[in-house]
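What follows is a pair of complexes built around subunit A, which joins subunit B in one and subunit C in the other.
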Partner chain A sequence: MRQTRSKNVGITLFILLLLTPVYWLLNMSFKTNQEILGGLTLWPQTFTFDNYAVIFTDPSWYNGYLNSMLYVSINVVITLSVALPAAYAFSRYKFLGDKHLFFWLLSNRMAPPAVFLLPFFQLYSSIGLFDTHIAVALAHCLFNVPLAVWILEGFMKGVPREYDEMAYIDGYSFPRFFIKVFLPMIRSGIGVTAFFAFMFSWVELLLARTLTSVDAQPIGAIMTRTIGASGIDWGVLAAAGVLTIVPGLLVIWFVRNHVAKGFALGRV
Partner chain B sequence: MDKIPDNRAWWLVLPVFLLVAFSALIPLMTVVNYSVQDIFGPGQAYYVGAEWFKEVLADERLQDSLIRQFVFSGFVLLIQIPLGIGVALMMPKSGIKGSLCLILIAIPLLIPWNVVGTIWQIFARGDIGLFGWGINQLGIDYNYTGDTLDAWLTVLLMDVWHWTPLVALLCYSGLRAIPEAFYQAAEIDRASKWAVFRYIQLPRLKSVLIIAVLLRFMDSFMIYIEPFVLTGGGPGSSTTFLSQTLTTMAIGQFDLGRAAAFSLIYFLIVLLISWLFFTAITHADKEK
Partner chain C sequence: MSLTLENLSRTVDGVDYVRDANLTFEAGSFNVLLGRTLAGKTSMMRLMAGLDKPSQGRLLYNGEDVTGQNVQRRNISMIYQQFINYPTLTVYENIASPLRLAKMAESEIDRRVKETASMLQIEPLLKRYPLELSGGQQQRTAMARALVKDATLVLFDEPLVNLDYKLREELRAELRDLFRERQCIAVYATTEANEALALGGTTTLLHEGGVVQTGPVMEVYRAPVNTLAAQLFSEPPMNMVRGRVTDTEVTFDEYSHHALTQELEKLTPGDYWFGIRPSHIALVPTNDDDLEMSMEVALSEISGSETFMHVENSHFEMVMQLMGVHQYHTGAPVKVYLPINKLFVFDKDEQLVHTPSRVAGGAV
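This part shows the complex of A and B:
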């Protein structure tokens, strides 16, 4: 019993330490700039929603969130639709060059985005996709598709092949079997993959910033605008930061029952 | 499970192959192309062979940031892996408390990287940040924008804060997969807590730990946005890591040939080390 208690104390302490920086941001987002710069206060003395009002009333601010969400969603859809069949192939069949292909795919997850910065810029400019959501979504496929194939392959290996064979005996065609029988069996894997794809696309800024200028600019790039002639607008910066955490929280809430298994990427 | 040999499976892999070829192979070829040429302007390019590579390998600025990068990644692994295991061992096994812990611990992972930088930029400031203020109150002179050691420790602390949750969650899911019977057997044998950890939990964590080490190595080796926002690479160039040196060279100075050669060397280092880890993973998979 004493052991559980000390464990509880330990984990509570860790979570508190983990959340303190986030609390500090939240705290600051409800303060006026005068209070922020005036001295240290543990909670807002003059509570204000003004910082959030700035963001929600100015299209150039809230469009940043919409842009980010749009390219992240496109990315998740593309990633899942190409990774699902590929992962199935890797988990079920042996084919020419399969191991090399698999490692080559993974090697792209290892490529530092900074390496691809300039070529991406030129590539997407030359085909007229610069400053579009689709360009960012495609660029993020570079690291999301390999990861998705890897995670999904782990989950699919866990489904015995007898199911496939049974379905063929019952007269299912491959597409019908895949969509009606197979996908529902690995839905927690799909949920977790979508979560990871969302996460890595949402938090990435280097590529997203390089491939956009106005129309598809992500929120991260817009946040740098708070540094104006009169110094940094700390309150609005904090409010913008808090709002970038919200979508992630919503997504993890939806997959909360699968994350425990999914975080092992289907490999335990 | 035995796999069926069937080359028609290529049709299923084709979309991924085309997509990744488009978004990786074409850009990579561009980089290779730049790395062997000296470009003065449109239509004025000269083949220079391995010249850029020689120059880059001899460049002291790059050697410095490479060493810095290895030291940083080393510390990241040394701190985050044991800490992550520790946290995972403390997490409640199931129920609403388990879910709640999971979500709260995942929060730092869901924050965009520039915001992570911003959070710490504020949090560590001596005047308006709780952390910087607190340290100064303890009588320790702390200033991450002026002092090299302080800047290093702040960047490291930020990364520990940011990514230990990933290690913890990976290990947690590994621990959850251990059947209860193992623990019961250990109890009958009156195994000590350490023995349970050493002979039951740790071996079972092996495959997740390899994933954790691999992901943490790769991502810490590519770190860019967070230290860039927090310290801007300073003071001096004390927290300028590889990606930032490369970005400055490619975008800032537009030094294409040198940047391209540097990119390829950078990529090869990551690839080589990751390949070693990857072989370890497939090896572990086979053993099971």
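This part shows the complex of A and C:
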């Protein structure tokens, strides 16, 4: 009994420690700038929603969120629709160089994104994709598609080939089998993959910031440009930070069951 | 309605999965493919189903060439060793799925699903999901799905291997009954000689991708064409001893001499292989002219209410299948008796030349 209690104490302390920065961010977002700069207060003395109001009323702020959400969504859709057939091919067929190709896909993740910055920038500028949502979504595919193929392939390998054959014998055509039978069987894997694609695309800043200027500027970029004539607006910045965490929380909430199952079944 | 395999071969990376198979299966027949693992049973079924393409040869349905036809366009069913059902569909929807794809009327689907489910005794489970069921029930569901659509060809790929002994016997008996009335071609692959005997029908012996022998089960069992067939269709494999026949006596491995009696008198002098089933060797003589041999116990394993005893001497070794539980210490000397009227004889090319004749109508 005593042992469980001391364990609980330990884990509580650990979680508190982990949550301190998050709490501090939340704390700041409800304070006025005077209070933030004034001294140490553990909770807001003058509680205010003004910081949030700024973000929700100023288009240059909320457009940042809309831009981010848009290119992240596009990225997740592209990633899944490309990676699903690719992973199926890797899991089911033998073809020339399949193993090398599979490893090469993965090795794409070994290069830092900065390496691809210049080629992307030049290429997108010259074909008129610069500062569009699709540009960022495509650039993020470079990292997300290989990872997605890798995760999905693990899930698909776990489904015996006999299921495919059974469906054909029953009369399913390939597309119908794939959508009606196969995808439901690996939905945990799809959930996990979508989650990873979302996460990488949502937190990635370097490419997103470089490939956009105004129309498709992500929230991360806007947050770094809040230094006005009156100095840094700490409160609004903190509120923006809190709002940036929220979509991640929502996604995790929706896929939490699949992710837990997915982590156990898949390779990641 | 018949299915014909014409010089059918499948070679993958230089390995013969199926080698020049020529077989015909008639409608309403129950056919057992018997062979060890890697004998080509599954490969042959996959060719019949159209899941794999043959490297050579043709596949004919009623004389019509269907070699390259898509599996979706053939009216077949297959039941796998693993329990393969749609995990996201209920048992009802699982069974209904081939009918739905055939765009059958809802009332007809309902009638057929219920009928098939009651045949396989899974009616109470129709609303459940496959993964909530026991192994036997899952396999029943798979069978129901295979039977519901009146396929012209039903393939069973060792369907009972993953079930426990009791369940296996039960399902096997049911299966045989289910097919008695049907006008489809049933093909059933197994590694167990006993299962082939229990199922009856036509037996085809396979070995390393090739057909060794095919015919009505009792014919194949009683008159195996060669030593290989004899060993395949016997569990444990038939004992083979090399022997030399002279005008008056037979010598096993130039060691054990016996007078020629009974049917063996007809054998012309020369070298032969003598085969005897493990269950026919006894520890006590049953006839006056039984061949007596002094052996040593090499290993005695008890399996249920039977004992498998491996005996050997410096010249040959044999396996005996004894009823009841016998315990012998390794190295113990025993005398074993081979009834002459139970001996199979093969010539030196291992082809059958003599079957036990006294067994007509009796147990072999």
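Keep this in mind: the second predicted complex is superposed on the first by the 257 of 268 C-alpha atoms of A that agree within 3 Å, B and C clash if a C-alpha of one lies under 4 Å from a C-alpha of the other, contacts with A are read in each partner's own complex, and residues count from 1 in each chain.
Here is the rule we use: a contact is a pair of C-beta atoms (placed from the backbone, for glycine too) under 8 Å apart; a residue touches a chain by one contact, two chains touch by 3 or more.
These numbers were taken from a predicted model, which means no experiment stands behind them.
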Three-chain arrangement built on subunit A, subunit B and subunit C clash or fit: fit
Subunit B versus subunit C as contact partner of A:V181, first or second or both or neither: second
Touched partner set for A:P160, first subunit B, second subunit C, both or neither: both
First, second, both or neither for A:L25, with subunit B first and subunit C second: first
Inter-centroid angle subunit B-subunit A-subunit C after superposition on A [Cα, multiple of 10°]: 90
Partner chain in contact with A:I245 - subunit B first, subunit C second, else both or neither: first
First (subunit B), second (subunit C), both or neither touched by A:S173: second
Subunit B versus subunit C as contact partner of A:C141, first or second or both or neither: first
Partner chain(s) touched by A:F120 [first = subunit B, second = subunit C, both, neither]: first
Nearest Cα pair across subunit B and subunit C, whole Å: 9
Shared subunit A surface residues [contacts with subunit B and with subunit C]: 160
List of subunit B residues in touch with subunit A within their complex: 1, 3-10, 12-13, 15-17, 19-20, 22-24, 26-28, 30-31, 87, 89-92, 98-99, 101-115, 118-120, 122-123, 127-131, 133, 161, 165, 169-170, 172-174, 176-177, 204, 207-208, 211, 218, 221-222, 224-225, 242-244, 246-247, 250-251, 256, 259, 263-264, 266-267, 270-271, 274-275, 278, 285
Touching residues on subunit C, where the partner in the complex is subunit A: 49, 51, 70-72, 76-78, 80, 82, 84, 86-88, 97-98, 101-102, 145, 149
Of all residues in subunit A, those that touch subunit B in their complex: 7-8, 10-11, 14-15, 18-22, 24-25, 28, 36-37, 40, 42, 78, 81-83, 85-86, 88-90, 92-96, 98, 101, 103, 105-120, 122-123, 138-139, 141-142, 145-146, 149, 157, 160-161, 199, 202-206, 210, 219-220, 223, 234, 237-238, 241, 244-245, 248-249, 251-253, 256-257, 259-265, 267-268
Residue ranges of subunit A in contact with subunit C within the complex: 160, 162-163, 165-173, 181, 184-185
